[in-house]
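Labels run A, B and C following the written order; every chain starts at residue 1.
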Amino acid sequence: MKNKKLNKYLLRIPIYIFTILFVILPLAYMVIISFLTKAKTWGFDFTFTLENYKKVFDPFYLNIFLESVKLALASTVLVTLIGYPFGYFMGRLSERWKRRMMMLLMIPFWTSGLIRLNGWIIIFRSNGVLDKLLMFSGITKTPLKLLYTYPAVLVGMVYFLLPFMILSVYSSVEKMDWSLIEASRDLGASRLESFLTITLRLTMPGLLSGVVLTFVPSMGLFYISDILGGNKIVLIGSVIVEQLTKLRNIPFAAALSVILMLLTIVFLRLYKKVSGTGELEGLF
Amino acid sequence: MKSKVLGLLGLGAALALTACGGGSKDASQQSTGAAADSALKGTTLNLYTWDGMFPQEVLDGFTEKTGVKVNYSNFDLDETMLAKLEETKGGDYDIVVADDYIIQLAIKEGLVKELDKSKISTYDNINPLFQSKFYDPENKYTMPYGAGIPLIVYNPETVKVDIQGYNDLWNPELAGNVGIIGNYRVIDGITLKSLGYSFNTNDLTQIQEAGDKLKTLAPNIRLINDNNLQDYLLSGEVGAAFMYTSQVTQAIKANPDLKVVYPKEGLGFGVMGSFIPSNAPNAEAAYKFLEYINEPEVAAKCFEYIGYFVTNKAAESYVSDDWKDLIVFPEDKISLIESGELIENISDEANELHNKLWEEFRQKTN
Amino acid sequence: MKKVSKAAVIFLGLVTVLNYLPIILTVVYSFNKSKLTSVWEGFSLDWYKMLFNDGDIKKALLNSIILAVLTCMLSLVIGVSAALAMRGKKLIFDDFISGFASLPIMIPEIILGMVFMAIFSYMNLPFGFVTMTIAHSSFCVPYIFLIVRARLMGMDLSLEEAARDLGASEFETFRDVTLPYILPGIASGLLLSFAMSFDDVVISIFTTGPSVNTLAIKIYTKMKTGITPEINALATVILVITVLMIFISERTRKD
């Protein structure tokens, strides 16, 4: 028994060391920078200031934060609606097809994201694949302008984030005890009832971690909207990049990142509260 | 189940095997550089710039001539390069090619080595038209490597407006039919120019005025894209586009019927420069490299490859006929360069206002 | 026992087809004569020729694979050990540490890259595979940790106890009971990590040194002069190899 306890401590060592050295330390450094002043040409001077945070609360930037949250939420909802049933059905396939499905899901990922986005451009652009299809089938008469619209951006976001949700849901469906559902059905529960009371409950950890794995990165994803949205939707990620590069204002970019981080944490906490489960333990 | 993981590792191994085929080639190349400079032979030159800036042929040629192996590594943005040089104190890299404005900052930060021109026998091939600019007024630190002059290109079949200058982009007939690059100093700059102001003004009221005018351009904007604007012009997504030089050349090459406009209000342009970082580990090889890429024939190959305007006078006659019209700056337009402006670094306040107005403009286009 | 309805199969198929649409177009345009994706100028194998003569791109591909494998190994050790350690009774700092561990995925890469660069240079770590592996692991560990933990959450602890009662050692219990149980989670996490590391650009650019260029860096930094379909050809080659490998592994599995 003692041995087991010791093991439990040993197993913690890697994550503790790694997190302290390569996550907490860099992030602390970022927080420190966010209170410093921009240097003339490059970098920062060690003079304390709150100016960067004051600037964040300019309605101009708040608005951009709002826009980013909206897109992240919309993407997460869509990804859940498609990804959950996908992961669920995938978990019901035969062993062989499960394996195949998993590889099928991952293969596109070996191709550069930029190249795949270009694929979507070919589909969406006027007189592109989709336009031709719609006109051929007689649904539309003239080429549409589908590219550089909000829906095009959403498609791109869903496309990129879907596998995170699917794999997460799948790995918890996969271990589900299907006999429980049969039992509940035998006891007279309707399909919906047994889904709500058993399936959903049992797959909740997968669903919740899927939502986290979708929502969290989507807050920082901006190049999809830059490419498929024609740079017309201003997201916080691209503002941070511009501040860092074109304006060389590292402290302000750090302050924006700190706020983005806090905002994400607030959302996660809210989510944890609303979902009312202990499954998200270990997340702020 | 175990085989799933094994399969993944197997994939890695297989790809690694195919990749190894490339590795052996380098070794054979090294041995061919027999007639090379003895001291430098076998050393490595760390070249740091965007990908696609030098044809493989030229890099191989350099290795053959000098016996120096070229290690080509890339950055995405000028600022990333500056950050890296700051962190390595001007070490690690031997040659950097980047944009003018960032070179000015790098020089200010003491990260650039002063050139010893006696070591570059081909130095005089440079076209003085692209020298002595703001970032290096006495030509102490850099050699130009291509000039970029954003121009308007349009398809006369679909666009009935006779575009002569920046102001024509505001023509209501172009509603939803214009594509522009995403560099706000350039776009805000042409708006300033269209009002008769300088690209580089620090006057906040002028910048604000331009910002307000820019917002009225929003209904005409179909897309803002830095990467492959030429594709959208060619596919008909937009009828007119204001784009970078390499994109202009690609567009004209694919469709010679497109019209190129040198805006009458005046050009705003940029020069790419090559320099040696202050603590370059192999500066001698760097000099050899600069000398080599300044040889007329080599330079002509490079400029055809990158599709930027030739900044090497001697190379102009070596540019092949299909490229001549595209990348050799037209004789009759030289006055436009002389009267044109480079986009320089401006005050923080002005830059910040520019950025804010730009973001507001972007939101307006949606 | 587990029946999959027709509707479900159609749904799975449809989403998969949509998932592959952009890839298929990538493959198609790798045979395009033109340098541009907007015009089809006819069939050509020029880009493949260019690809096979491009030593740099092969080197970059090899670097990407090495890096992704190293990242997967490091993230695997950290993520799985943490998930195992943190089930059951918690220590005071567990939530704090695992909460922090998941932060890197919510910060825009560019600032993370810059901060990493500063920290690594302060620690005197040489820029190259070491720094890149650490930086990549920072955003891969959360994926492995979260997915494996979600799977462990539903595991019946009595299974392991039973094994122990039957005389299995701690290691044997892990190998024969726990590991097979969490393997699908590990596989999902690894596949994601491999892909994320393989495709990462921004953090890589900041944390790499002069000698390690990855494929993703090469592709993204081509933008200045334009991306060529050589990259499409490469994507096609990788695709074909992957599919081939899967096919072979399915074949050999039969016996």
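In this section, a contact is a pair of C-beta atoms (placed from the backbone, for glycine too) under 8 Å apart; a residue touches a chain by one contact, two chains touch by 3 or more.
Source: prediction; values computed, not measured.
Student: On a CA-centroid basis, which chain has its centre farthest from chain A's?
Tutor: Of all the other chains, the one whose centre lies farthest from chain A is B.
Student: Considering B-C alongside A-C, which chain pair is linked by more C-beta pairs in contact?
Tutor: A-C
Student: Using mean C-alpha positions as chain centres, tell me how far chain B is from chain C in Å, no decimals.
Tutor: Measuring from centre to centre gives 32 Å for this pair.
Student: From the C-alpha centre of chain A to that of chain C, how far is it in Å?
Tutor: Taking the average C-alpha coordinate of chain A and of chain C, the gap between them is 15 Å.
Student: Among all residues of chain B, which ones touch two or more of the remaining chains?
Tutor: 4, 7, 80, 83, 227, 232, 235
Student: Quick check on chain C: which residues sit in contact with 2+ other chains?
Tutor: 37-38, 114, 118, 184, 187, 191, 219-220, 227, 238, 242, 246, in rising order.
Student: Residues of chain A touching 2+ other chains?
Tutor: 102-103, 125, 244-245
Student: Under the definition above, what is the set of chain B residues touching chain A in their complex?
Tutor: Its residues touching chain A are 4, 7, 77-80, 82-83, 86, 105, 108-109, 176, 182, 184-185, 221-225, 227, 232, 235-237, 348, 351-352, 355-356, 359-360, 362-363, 365-366.
Student: Hey, which residues of chain B end up touching chain C in the complex?
Tutor: It comes out as residues 1-5, 7-12, 14-16, 18-23, 25-26, 46, 48, 50-53, 56, 71-76, 80, 83-84, 87-88, 92-93, 226-228, 230-232, 234-235, 246-247, 250, 254, 305-307.
Student: Hey, which residues of chain C end up touching chain A in the complex?
Tutor: Residues of chain C touching chain A: 1-4, 8-9, 11-12, 15-16, 18-26, 29, 37-38, 77-79, 81-82, 84-86, 88, 90-91, 93-95, 97-112, 114-116, 118-119, 134-135, 137-138, 141, 143, 145-147, 149-151, 153-155, 170, 181, 184-185, 187-188, 191-192, 195, 198-199, 215-216, 219-220, 227, 231-232, 235, 238-239, 242-243, 246, 250.
Student: Which part of chain A faces chain B closely enough to touch in the complex?
Tutor: By the definition above, chain A touches chain B via 38, 41-43, 60, 64, 99, 102-103, 125-128, 145, 147-148, 150, 226-227, 229-234, 239, 242-249.
Student: For the complex, which residues does chain C have touching chain B?
Tutor: The touching residues are 34-39, 53-59, 61-62, 65-66, 68-69, 114, 117-118, 121, 127, 180, 183-184, 186-187, 190-191, 194, 201-202, 205-206, 208-213, 217-228, 237-238, 241-242, 245-246, 249, 253.
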